Amino acid sequence: MRISRKPTGAKFFELFTEIGANIGGGVELLREFVQAPEADRVELAARMHALENAADDATHAIIEHLDRSFVTPFDREDIYRLAARLDDVVDHMDAAVDLATLYRVGELPGGVAVQADLLCRAAQLTAAAMPRLAEPQELTAYWVEVNQIENEADQVYRRLLSELFNGERDALEVMKLKDVVDQLEAAADAFEHVANAVHSIAVKEA
Amino acid sequence: MRISRKPTGAKFFELFTEIGANIGGGVELLREFVQAPEADRVELAARMHALENAADDATHAIIEHLDRSFVTPFDREDIYRLAARLDDVVDHMDAAVDLATLYRVGELPGGVAVQADLLCRAAQLTAAAMPRLAEPQELTAYWVEVNQIENEADQVYRRLLSELFNGERDALEVMKLKDVVDQLEAAADAFEHVANAVHSIAVKEA
Amino acid sequence: MRISRKPTGAKFFELFTEIGANIGGGVELLREFVQAPEADRVELAARMHALENAADDATHAIIEHLDRSFVTPFDREDIYRLAARLDDVVDHMDAAVDLATLYRVGELPGGVAVQADLLCRAAQLTAAAMPRLAEPQELTAYWVEVNQIENEADQVYRRLLSELFNGERDALEVMKLKDVVDQLEAAADAFEHVANAVHSIAVKEA
């Protein structure tokens, strides 16, 4: 019989669940941003930034709790890494929204909405995985699916690049849009890194 | 007398050796691509992509074997990291070839062939090191040489950038070529990260 | 009573202190470069490159000492990681200076001097922290401040991007300046990663 990890880890699992929910909120905001008229972007970007600050606070709370905990459900460095990788997801979404606003990029290519949809699927899987961290071995399906989504996101990203460079846009416009699209691609990669951090915990516990 | 690591690690060393050979194949394909007429690029890129899929499968096999192994030749997380870093090498070579095809970049600057040659040397050293992972302390020369190659690659990369920006190309063409050249530079960095992962194992075993 | 970490770690703390001082020198050179007339850039870039070589040697000395040490003040991999992250800082400053020289970028936007000033503050905090690594728990203020500086650097970076793309520069010039500015932003991130590596050691020791 396995010894349950729940008692010692309850507070950690709670904090990770909170970050998972934060990320879910961030992705919804991102989808709204992508569809919104330009006039609404400044306000939506401000809301994303507030959410990024909240995610920073939650990450900080995990690290503080780590400082104070004598017993931890996993290796300290794995908790640390998972928190850092989750933070990366929000950072990239915030950067995408911020750059799109700063650069006044005008209408976004249709592929950006597809990127946002894929991030949404990854966020839902991640948010659902966080409350189940006590049994990391049972999260194999989550890890596999997020990896598949990242592969899909790669395809969408490459098609977007191809479209950006098709000669219809001038170079400065391409550079601006590419910065936005690159941040969303980095967010998809970051979801994969979160899943890898979870999987790496599962491998250690095997 | 040191206890041999071979019995417990045989399957791992076999799988890492297979990935090393894969990378060797990828680098050969890259050199062929760089020299090939544009008409052949789509087919060569498809072959690179098949090889990248094979590398993914081999990485997956290592992680599955890790899940099932009670005793491992090194720390689980080191095996995991080494597999991930090897995967990065193939990913960057695949991205370089894919972007060059997607962007229809035309003739590649001469420095790209030099980048491919340096990657080839790094790949040969890496492929030769993988079957010898059981004695990581004896791989110091490998680590030092890959670091030197990465330094050379840096120089070649900077000269290439200087050539790209010399005013003979328009901005969109520069952006496309820079994306390709950046991926090859990232592949050289990735070989260094592989060597660092091996060295980090050796340091722990010291 | 905690057992002092000083006797076993003396040589490591000495080497990290040396690297901290190196970084301080690098940042001074960077500020000089940013203010210097274009005619002086080649020579200043050569001095930065010499300093980067010295930093490589110091990193190598740490790793060699790690190879030879039976007892280490922290986990071997944490010493390794901290050395690697410190090396990244110098690499990014060297790349910024090298690219600015290579590209003959002309006058740098005013925000670049602000980037250099922020790097200077991060370097001073880092140099002051290195001799105190024996008590990582007392470096919380250092970690918090470097994180704040990185946030400020992010703001400065975004404003710089906005200025670069305001339509007064042609696309090739924007690309060149963006490469330089990106490397300085990466240096600020690298200081944060150094602080995170220190914090991660402190968390483990808690």
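Going by the order they are written in, the chains are A, B and C; count residues from 1 in each one.
Here is the rule we go by: a contact is a pair of C-beta atoms (placed from the backbone, for glycine too) under 8 Å apart; a residue touches a chain by one contact, two chains touch by 3 or more.
Bear in mind the structure is a predicted one, so any value in this text is a computation, not a measurement.
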item	value
Copy-to-copy rotation for chain A and chain B - C-alpha atoms, rounded to a multiple of 5°	120
Interface residue identity across copies chain A, chain C - same or different by half	different
Chain centre separation in whole Å, for chain C relative to chain A (CA means)	27
Touching two or more other chains - residue numbers and ranges from chain B	171, 175
Touch list for chain B against partner chain C, complex	158, 161-162, 165, 167, 171, 174-175, 178, 196, 199-200, 202-204, 206
Residue numbers on chain B that touch chain A, as the complex places them	63, 66-69, 76-77, 80, 84, 98-99, 102-103, 170-172, 175-176, 179
